[in-house]
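Shared between the two complexes below is chain A, which pairs with chain B and chain C, respectively.
Entry: the complex of A and B
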């Protein structure tokens, strides 16, 4: 699929620029329309499992609700207290509602942009591309890749430690306090094991001739093609067009902390 | 970033710490969300120190210029790739929080790593992250009193969770003897010998 084949660095750049653009705007309509655009784009041009997608979006829904009520409850005194909206039993100043919705939809737009990136990008490809396109030092890039490779190993080690503890009589528990204590018992051996492994890996890398020099060749090459730039331009054009629509509808406003 | 005076093993160990704490960061996200759902955005600030902890641990163990900054940046990047829905913007967040912690060590010219400096690093990260959050998440919609209390709570959380707890974890690790090849392990051996 098209989104999966884009250069990961340019994809990340596009998302970051779009997020900064959205952060400068503070109205409810622009981010709402832009989220819809992003979701449609993700499903049209990417192979994304809709169940997982919704699962990732769910926490944002929950925090949005938290945001919504606190914004209404704790916001500054409105400038036009006369304009109010009836919501169930309460009478709430219109300004507060608009501010709260702006905040919530903005977070929603950030989330959809991020999911577009996460669901279509391979971690290893992203690091390799950062090294080849963004001058990330190879020492750091391969160090991180080695560290990332440890994750599944650590999961095994975690199970091992847990079993070892149980053999020695540590009981399973459902109490919060007890399980915090148990996590403390896991954390140190787990970290110690990881550090030992990391040290050995570093020695192995050096003994096989890894110097960390920038002048090196790559097995997997990543390049920037014109399609990557087209993606960047299309996304930003969409953002500007949506901001224009919002302006026509009379909602658009810049973010300058005025609320 | 003066990576030239870093040993490869220090870089790999820092990366591993970052990856481990990226998982911890991700695991605490639902906790933060739950607290934020209950108390509003200030719920996050109660445990915000958790998200700076790798800076303090890495800097305290390795004691090289850039350790606090790099480890936090890597942790944020890995956290994003593991599935934090904040996406690439999280890298920027990590960079800013890392700079906040790094600033505290830079002020002491990377010479002192006592508890006070580590707590200061936690506070530094808290302040930097708060300024960033102010613009990114639009805290300006809240009243001044609420904003100030958010900041204070986050600073305390940074000092206690990342400063005190970060030091405790590192010291416990040094006791196991795996850090003999690193600055913290060497310091502890010298102390024992004395």
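Entry: the complex of A and C
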């Protein structure tokens, strides 16, 4: 699929530029339309499992709703108290609604952009590309890769340590102080194990000739092609077009320090 | 010219008084095979770091003497350059990779030494074929078995075409079949490629059949012998065990039976005994020592237990009764479900289907804290089990959880310290103990409450000869006192010697259940990836030859 084949670094750059662009705008319509555009784009040009996508989007939705409520409930005194909107049983100043929706949709747009990146990018490819396009030092990059490999191992180890406590008759307590004490006991063997493993991995990497020098050949080569730049331009053009539409509709406004 | 020449090497870490390596000198010729033997913790791995140039660069301490490779000091090679001459396969299969997939891992080493990109792909295919991992190129490393991971580590190193290959206890984490397979791969490759081979080990099984020269180190990091392995073992046979070196099982058997006089040369393999035997061949075989059966009351009963994990069936429809006082061994290949079954038995894992009853009552109706008073579970890695800061507290822990009076706690802890030979270490931190002591401590913490059912997951894994012996004696004592023991193991010698019932697990099912001596009569153990104990191997070989002679 098209999105999966893009250069990860340029894809990340596109997302970052779009996020900065959105951060400069403060109206409800631009981010809403842009979110819709992002979601459509993600599903048109990427192979994404819709169930997982919704699952990842869920926490953002919940936080958004919370923000919507708090922004309305704790807003400043409105400048034009006469203009109100009926929402369920309340009468709420229009200004507050607009501000709250701007915040919520902006967050939603950030979320959909991040998901576009996460769901169509392989972590390993991203790091390899960062090394090749953005001159990330190999020492750091391969360190992150080795750590990435450790994550599932750490989870297994954590479960084992938990069981080790269980066989000693330790009940899982609900008291805060007790559970902090328990976690401290879990952490020491977990960290001790991690340090030892990390050292072994470092030695193994070094004995395979890894020195961290920047000049190296890459078996998996990532290059920037014109399609990557097209993706960047299309995305930014879409953002500008949407902002224009919002301006025509009379909603557009720049961000100037609200909230 | 010598390929590798180590001269008067001394090495000492900061903040440690004793030298790790003291006055080590030896050399290896091109294409030579050498076995470096020594107990765990004698500084063998430290020596590896010296040879491939990581020390003294990364050493917090001092190193004197010289290590020369092809006449030049290792220190004079640029960082990373030694990796093109010396390749190392390490002990732990989990922690020697930094990439996600097989091909990326092999490519990593080749990238490091600036191999032209066009050549990398064909090189990957070539080495995967050498170690027998064709078809695994795109696989994720995590999905490989332990034996396959070690072969991958070997492939990574071979890709860089070293002149010296160092194997640092490469089979310590593998089961017997994977071990045999790995050693055979090494032997075939060495004969084909002719690289020099340095194997670092604390056990001899498997290697002695094709490596003749040995260098021995003792616990204080001194070199005590350099020459033919057979001669040295013959001279020091009684001292080896205390040195923490495991002799081949067949050698141990021959010494126990006092057969050495009957053999024309000191036996290291089964065929050594057969070919060098002076007396009549029937003398080699001997009947098993009968072991009495125990009471008939059931302590734990499993009825049609199944367990699914992520939609795959790990345990399928297992029903069995464990009787009081039995010593049960559970055997089977890696991934057959032995550990899972042991966890279900201990109540650590709830089965998806089926019932377990303990002492006549459903296990699920027991309170957790009461179950633990009766069932002890010993994990494969002792460090996972250690949860406090001193040895004393470690043993007292489960008593304290129950709120038992202090004087009783003290009394019980002292008793267990004594049984497990841990006296005098009460105040030590568990992590500072030796492997053997850690293992005994993990068992100690599980018998302090006089638990009558003790379940152990590969307790002898990674233990040297001496601590295995001590542990098994301890378990046999518990059994005499009336405890029931269930032990997951790969070691068929232990099964033959201690168990009075053996369960063979294959693909989550119990495929054989009975006295070990009955199992040895089955001539198809290989289909379950199992070995015969040497006693039976000898017998089988004699029978085969007997037939040959008589015809």
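Going forward, the second predicted complex is superposed on the first by the 244 of 259 C-alpha atoms of A that agree within 3 Å, B and C clash if a C-alpha of one lies under 4 Å from a C-alpha of the other, contacts with A are read in each partner's own complex, and residues count from 1 in each chain.
Here is the rule we use: contacts are C-beta pairs under 8 Å (C-beta built on N, C-alpha and C of every residue); 3 or more make two chains touch, one makes a residue touch a chain.
Predicted model, so just to flag it, every value in this text is computed and none were measured.
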Which partner does A:99 contact after superposing on A: first (chain B), second (chain C), both, neither?
first
Applying the document's definition of touch, where does A:168 land relative to chain B and chain C: first, second, both, or neither?
second
By the touch definition at the top of the document, which applies to A:158: first (chain B), second (chain C), both, or neither?
neither
Is A:73 in contact with chain B, with chain C, with both, or with neither (first, second, both, neither)?
first
With both complexes superposed on chain A, which partner does A:12 reach: first (chain B), second (chain C), both or neither?
first
Classify the contacts of A:197 with the two partner chains as first (chain B alone), second (chain C alone), both, or neither.
both
Of the two partner chains, chain B (first) and chain C (second), which one does A:216 touch, if any: first, second, both, or neither?
second
In the superposed arrangement, does A:43 touch chain B (first), chain C (second), both or neither?
neither
Report for A:140: first if it touches chain B alone, second if chain C alone, otherwise both or neither.
first
Need the overlap of the two footprints on chain A, from chain B and from chain C, as residue ranges.
146, 148, 189, 192, 197-198, 201, 203, 205-206, 210
Sort out for me which residues of chain A touch chain B in the complex.
12, 15-16, 19, 23, 26, 56-57, 59-60, 62-63, 65-67, 69-71, 73-76, 99-100, 102-103, 106-107, 110-111, 113-118, 121, 123, 126, 137, 139-140, 143-144, 146-148, 150-151, 154, 187-192, 194-199, 201-203, 205-206, 210, 212, 255, 257-259
Any idea which chain A residues touch chain C in the complex?
124, 142, 145-146, 148-149, 152-153, 157, 160-161, 163-171, 185, 189, 192-193, 197-198, 200-201, 203-211, 213, 216-221
Under the stated contact criterion, what part of chain B meets chain A in this complex?
1, 3, 6-9, 11-20, 23, 29-30, 33, 36-38, 40-41, 43, 70, 74, 77-78, 80-81, 83-92, 135-138, 140-144, 146, 169, 172-173, 176, 178-179, 181
Using the touch definition up top, name the residues of chain C that touch chain A in the complex.
49, 52, 54, 58, 79-81, 83-84, 86-88, 90, 92, 94-100, 103-104, 107-117, 120-121, 141-142, 153, 156-157, 160, 346, 348, 368-369, 372-373, 376-377, 379, 381, 383-388, 397-398, 401-402, 431, 445-446
